[in-house]
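Next come two complexes built around chain A: one with chain B, the other with chain C.
Showing the complex of A and B:
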C-alpha cells in the first residue's frame, strides 16, 4: 500500500514536471521564432519576399557556429544525443509492453487461464517505473534541445506547434489511462469489469502509439521535410509536414522494433528474477515468463528486417543520394557491425530455445537437428558479415588485384546478404517448430503427409531463395539485384505462415508424452536473454546514429543547415563509444528498475521501533 | 546483489565487445567534413584552373561520383557525355529546352528528368523521371559558377572543346552568387598554403608516395629523396612526372596537372621541403 502511494505521488510529480516543461516551451514558441529571425541571417528567399503561401512564417535560420550556445565544456551534440537515445529506449519499452500485455490479457480472458493474467500484470508492473523514467528523460531531452539548439527547437516548434500541444495533452491521457489500467488491475476483474479493463488497455495502446507517431513526424520531417519550401518557409499546412515521405516507413519500423525490444527487456527482467529466485515455484514462473518474452521478441524480430528493407527502399525513393550515403557511402561499414549485432540476436534467441528444449525429456528426439540449424545460422551470419569492398593498403591492393576479394567479394553484395538473412529467419522458425514439438506427439491421421508437406515446403522455399539470390544477384543487372529481395521475403513469409498453420492443426489435441518442466533450464540460458537485451539496445542506438547521421551536415535536410562545430559526421568508432556509453547508462537504469520491483515485494518486520497502538 | 553484479559484469563485457569490434575490428574512416562553398576568384581564373575546380566539385561537393561511377552502375558514366550531348538533344525522348550541348549539360544537372538515359529512370516511370536531384537546390546546393565549372570539367574529360565561359564577376559561392546578381561582388582571396605537409595532404601525395607520415607504395619512397635529387630535378618531377621514371615504377600513374593545381609559391615550398629530406 505504501509503495502504491509512493508511486502515485511520484507519478503526480512527474506529470507536474512534464506540464512545466511543456508550459515553459510552448508559449515561447512564437516569441522565440521572432527572436531567432532577428538574430540570424535570413535566406535569400525572405529577402526577396519569396515566402510560401504569403504567410508570416520565416525561412529556416542560417546560423554560424557562434549562434549555438555552449555550456562550459559540455559537448552539445553528445548531451542531446544521449538524452534523446535514453528517452527513446525507455519510450520504446513503455510503448511496447502495453501492446503485448493487452494481447496476453486477452489470451487469459479467452482461455480463462489465470497465469496469463498474472503474467500480463507482472509485465505492466515492470514498465510502470520505466514510464516515470521515460517522462523524466523526455523532459531532459526537451531542456537539452532548448539549451544547446534553441533555433532548431524553435523552428520545429513553429511548424509542429499543433502536434506538440496535442502530444502534451495525449501524454496526460496516456498517463491517466496507464495508472487506471495498472492500479485497477485487481479491481476490474471478472465479467463486464474485465472487459472494461481490456478496453482501457486498448485505449492505452492507441494513445501510446499515436504519441509515437507524432514524435516520429518531427524526426522524419528533419530527414525528408515536407510542407516547407526550398528556403524552409512553412506553408502553414502542419499535416503536410507530419505526413512527410519517411513518416510511415519509420512508424512501421519503430512499431515492430519496439515490440521486439520490449520483449527482450522483459526477457532480461525474467532472467534476472530467475537468477535471483529462491524457490522452485519462482524459478518455474520466471522461466515461463522468460520464454514468453523471448517468444515475443523473436516473433517481432523475424519481420523486422523486412520493415528495415521497406524503410531503406523508401529512403532511396525519397533521395537516391541519401540512400547511397546510407548503404554505399561512409556508413557502409556500419552494416557490418549491424550484421554482428543481428547475428548475436539470432544466435542468442536460438541458443535460448535450444537450452529450453531441456525442459522436456521428449527433446531427445530433436537434439540431433540442433547442430545443423546452428551451422546454417552461423554460415548465414558469416555471409552477412562479409564486407564487399575492403579498405586496403596499396600493397594489399596490388596483391589482391583489385578492391574485391576473388571468392569473398561476391558474398559482400546485397543479394548474398538478403539470401543469408532469409535463411537465418527460416531456420530460427525451424528452431521454434521443433521446440514446440518436444513434449508432444501428434495424433492426427495425416501426420506423415503433413510432415512431408512441411518438409517439401521448406525445401522448395529454400531452393527458391537460393535461386533468386544467385541468379538475380549475379546474372542480371543492378535493378533486379534489389528487386529479387521481394520474392525472397514473400517466400520466407509464406513458409513461416503456412508451416505454422499446418503445425497448429497437426498438433491440435496432441498427446503430451513428456511434460515441460518449467524451471529446468541452465542458468547460462538466462545470460542468453541478457545478451538479447543488450544486443538489441546497442543495435537500436547504432541505428539511431545512422538514421540521424544520413542527414549529414543538415538539421533539416536541404533546408536548415547545421553550422555548429559538431556538424561533421563522427567516425563509427566514436559513434560506437557514445552508443556504448548510452547502453551502459540504460542497462544500469533498467537493472535498477528490476531491482526496485524486487524491493517493492520485500517487507522487514521490526520490533521495538513502533509505539504501542491503542485501540 | 550478487546477481546484480553478475548481470552488470556480463552486460559490460558484451558492450565492451561490441565497442571494441567497432573501434578495432573495422577500418575507421574519417568522413569528409561538411562541404564548403568553392571560393572562386573569377577575375583571375584560367580555364585550366576552372576545369580543375570542376573536377574537384565533381568528386567532392557535388557528390556526383556517388552514382556516376563504375561501382554499382546506378547512373550513366559521364566520361563521354559532352561528346554525345547533341545526340541527346536530337532524341525524341528529350523534353528539355536546351539548344546546345553546353546548355544540355547545364539542364541535365538542374532538371535531370528532361532526358533520362534508358535504364536509369525511377522504377515504374518508364525512364521518364530521373532519381537525380536538382543539384542547384536541396542538400547539394551548387551555384551557377560551380555548375559551369563541372561542365568545363566534363567537356575537358570527353576531349571536346570547352565552350563554357568563365562567369564574369567576383566571388561566386552560393551566397556570393546572389550578391553578384545585385552587382555587389567581392573577389575571394586565393588560399596559398605555406605548410608543405598541408600541401602533401591536400594533393594526396601520400596515396602513392611514402612521405610525411604517409605510406603509399605505388610511387617512389620520398622520405630521403633530397639526398639524391636536387631542386631542379624535383621541380621537373612534379610538373612533368613522365620526364624521368624511377626504376621499377610505371609511367603515367602520376597526374601531369600539378602545374595547374599548385600556385608557384606552393610549388617552391614543396620542392624546398622535398630537397630537405635527406
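Showing the complex of A and C:
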C-alpha cells in the first residue's frame, strides 16, 4: 500500500469514527447527518480500492523508533493503555447490564411482580450515562491509536476493514435499540407491547455481544495472528483472521467476566444509594437491589476461574513461551496479586451474604456454621495465593538451603491452586444455600433424607476434588495433572447444580418462620459491595495488562515488531501503578455516573425567576 | 465459666494461628515459613477473623465495645491516655526499625522461570521446541533394556559433569552449590523438571546461562553452555537420567498447537 493510499484509508477511518462517536454521544444528533457521514465513508472506501477482494497485501511494516509520532511529553504507551483500559471497563459494564436487565425483566414478566420491572429499569438507567462515556472513551482510544501508532492501526484496519466497518454500523444499531429500550420502558408496558420491549432487550444484547466479539478478534489477532503469513502478509481471508486461536477463549472469558463485573458495579451503586437513603423504604429497596446485584456478580464469579483456566490453557497450547511468560515468568508476580484480588472477591461476597443473613431472625439457627465455612475459604485462599518462588531474605534462603520450600513449594503450582479454588467456590455455594434457608423451614416429608443426600454429595465431591488435586497433581504425569482440572471443575459444577435443585424442591412451599426484613443489614456490608467493585476493576486492569503485555516487543506476535521507544516490558511496580491510576480514574467516573443518575430526579423550585405567562 | 470478651477472643485466635504457623513450619517441619509469606497469610487471617466476629450485629457490637469504651468512657481516661500515647510510639518504633539500614542484601522479587523461545539454535542446527522430543524416550516401552543402559550412560555423564553443582542426589546441593548465586536447581522439587518438557531441558542444558532469554534479566546463571562439551545424544541421555532418578515424568502436551 502506498503512503498516499495509507493516508486516505486512515482519513476515512477517522471520518467514520468521528461520525460514530458523535452519533453515539449525542443521542439527539440528526440521524440523517450520521447516515450521510457513513455514506461518505462507504463511497470513499470503495474508491480507495480497499475491498475484500483485494489480495495485493504488503508484509507487516518494519518500523524504527522514528516512525512513531510523538506528541510533546505525552507517553504514547500510557496514553493508549489508559484509554483502552477505561474504554474496556465501561464497555464491560454497559454490555453486561443489558444481559441481566433482560433476565430480570423476563422474571418480572413471568412472575408479574412489578418490583422486578422497576429494578431492571433502575439498572439500565445506571448504565445509560455510562454508555455515552464508553463511546467517548472508544473514540479516545481509536484517536490515540491513530495518533501514536498509525502504522499499526493501518495494518490492522487493512486486515479487519470489513469487521471494523461492521462494528461502526452495529454501534449505530446498538445505540438506537438501547435508547428505544430505555426511553420506551414505560411506554412499552403490558401485553404485546411488553413482549416487543423484551425483544428489544434481546436485540440489544445480540448487538452488544457481537460488538464485543468483533473487538476481541482484533485484540486476539495481535496475540495469536491467523490469516497472515510469517511476514504478516494478509491472505485476504478476514474470517480466518477473526477466528484466530485465542478468539473464542477470550470471548467466553470476557462474557462471563463482564456479567460479574457489571453486577459488582451495580452492587456498588446500590450500596451508594443505601448509605445515602433517608427513608426506611429506600433502604429496603436498595438493600434488595444490592442483594440482587451481588447474586448476579457471584453467580458469574463462580464459573469465572474455569473460564480463566481455559483461556490460560489455550494460551499455553498456542505458545509455550507465551504461557510461561504469563504464569511462570516475568508476569508471575502480577498473578499473585491477581490471586489475592480474586480471594478478596470471594471473601467480600461471602461476608455480604453472612451479614445479609441478619435480615431474618431465623438466621440464628445457621450462624454457628459460618466460622467453619470461613476456615475453609480462608484456608483455601491462603493456598490459592501462595507463590511458587518465595520472597526470601538471605537468612531464610540459607536456612532452607535454596529458594524452594519443601512444603510450601508444592502449593505454588496449579494442582494446589485448582483444588483451592474449587473448594472456595463450593463453600461460597454453601454460604448461599444457608442464606436461602434462613427465613424458612422445609415442610416436605423427606427433609432429613434430602439433607443427608446433600451432605453426602458435598462430602464425596470434596474428597474427589482433593484426590484429583493431590494424586493426579503430584504423583502422575503432567498430562494427567492438567487434565485432572476438568473433572475437578465438573465435580464442583455438579455439586452446585444438583444441590441447588434438591434444595429448590425441598423448600418448595416451605413455611416462612421469620420474614426477611429488607434494609436490615449493617452498613459495613455495603462496604463489602464497594470492595467487590473495586477489586473487580483492579483485577480486570491487571489481567488486561498481562494479557496485552505477554506480546512483549511485538505489536502482532511474531509478525509485526514493536520498535517504538516503549517496546520494553515495564517493571511490575510501574505497571501496577498505571493500572491503579486507571482504577482510580474509573472509580471517579463511576461516582460521577452514579451522581448523574440521581440528578435527573432532583427539582429546584424557584420563585420570582420565571415571568408570569398569560394564557 | 469465665466468659472471654469478644475482642480478646479475636486477638487470641489471631495470636494462636500466628504461633501455630511458626511452630508447625519452623519447629515441626523444620522449614522456616518466610516472613513475607507469613505477613500475607496473617493479613488475610485477620480479615477472616474480623469477618467471622462481625457478621452479626451483636457480635460486632460486643467486639467493638471495649474500643468504644476506651474512647468514650470518662472513667477510662488514664488508660486512654496511655494507649493514645503508646500507639503512635509503637508505630514510630515499627517504622524506625523497618527503615533502619542493614547490611542484608535486598530481597529480590523475581521468578526464576525463563520462557523458552519457539526455536533454538544449538549444534549448528535449529530446533523447534514445540515439537522437539527426546529421541531415546521411545525405548522406555520398546526396549526397556536398552533404555536402562541409556539411563545408566546418562548417569555417568551426570556424575562426570553435573553433580558438582546439582548434587549427587539431584537436590541442587553439590559441592560447588554454596559458591553460586542463584544456587543450582533442585531437580527433586516438584516445581522444577516435573513441570517441564524434555525439550525445555534440552534448551537449558545445550545453551546454558548465555542462552537465557532477554526478558527478566539479569539471570546471573552460571550454567555452562553444554553443547560445547557434550554431544547432542549425551544431553538427551542425561535428561533421561534426571527423570529416572527423581521419579518425575516429563511434561508432555495433550494436544499440540497446529
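One rule holds for everything that comes next: the second predicted complex is superposed on the first by the 554 of 615 C-alpha atoms of A that agree within 3 Å, B and C clash if a C-alpha of one lies under 4 Å from a C-alpha of the other, contacts with A are read in each partner's own complex, and residues count from 1 in each chain.
Criterion: a residue touches a chain if its C-beta (ideal position, glycine included) is under 8 Å from a C-beta of that chain, and two chains touch if they have at least 3 such contacts.
Because the structure is predicted, anything quoted here is derived from the model rather than measured.
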| item | value |
| --- | --- |
| Partners on chain A (chain B, chain C) - clash or fit | clash |
| Touching partner for A:333 - first (chain B), second (chain C), both, neither | both |
| Touched partner set for A:367, first chain B, second chain C, both or neither | second |
| Touched partner set for A:552, first chain B, second chain C, both or neither | both |
| First, second, both or neither for A:320, with chain B first and chain C second | both |
| Touching partner for A:585 - first (chain B), second (chain C), both, neither | neither |
| Partner chain in contact with A:343 - chain B first, chain C second, else both or neither | second |
| Chain B versus chain C as contact partner of A:514, first or second or both or neither | neither |
| First, second, both or neither for A:106, with chain B first and chain C second | neither |
| Which of chain B and chain C A:569 touches, first, second, both or neither | both |
| Clash-bearing segment of chain C, relative to chain B, as chosen among 62-70, 116-124 or 152-160 | 116-124 |
| Residues of chain A at both interfaces, chain B in one complex, chain C in the other | 317, 319-321, 324-325, 328-330, 333, 340, 389, 391, 393-395, 477-479, 552, 558, 569, 572 |
| Touch list for chain B against partner chain A, complex | 3-4, 6-8, 10-12, 14-16, 18-19, 21-23, 26-35, 63, 66-67, 71-74, 119, 122-123, 131-133, 137-141, 175, 178, 207-208, 215-218 |
| Parts of chain A lying in touch with chain C, wherever the complex brings them together | 245, 317-325, 328-330, 332-333, 340, 343, 347, 350-351, 354-355, 357-358, 363, 367, 370-371, 374-375, 377-378, 381-382, 385-396, 399-410, 412-413, 474, 476-479, 482-483, 522, 524, 552, 558, 569, 572 |
| Residues of chain A touching chain B in the complex | 44, 230, 268, 271-272, 275-276, 316-317, 319-321, 324-325, 328-330, 333, 336-337, 340-341, 389, 391, 393-395, 398, 477-479, 527, 530-531, 534-535, 538, 552-554, 557-558, 562, 567-573, 575-577, 579-580, 583-584, 587-588, 591, 595 |
| Residues of chain C defined as touching chain A within the complex | 25, 29, 31-37, 40-41, 44-45, 47-48, 51-52, 54-57, 60, 104-105, 107-118, 129-130, 172-173, 182-183, 186, 189-192, 194-195, 197, 200, 215-216, 249-257 |
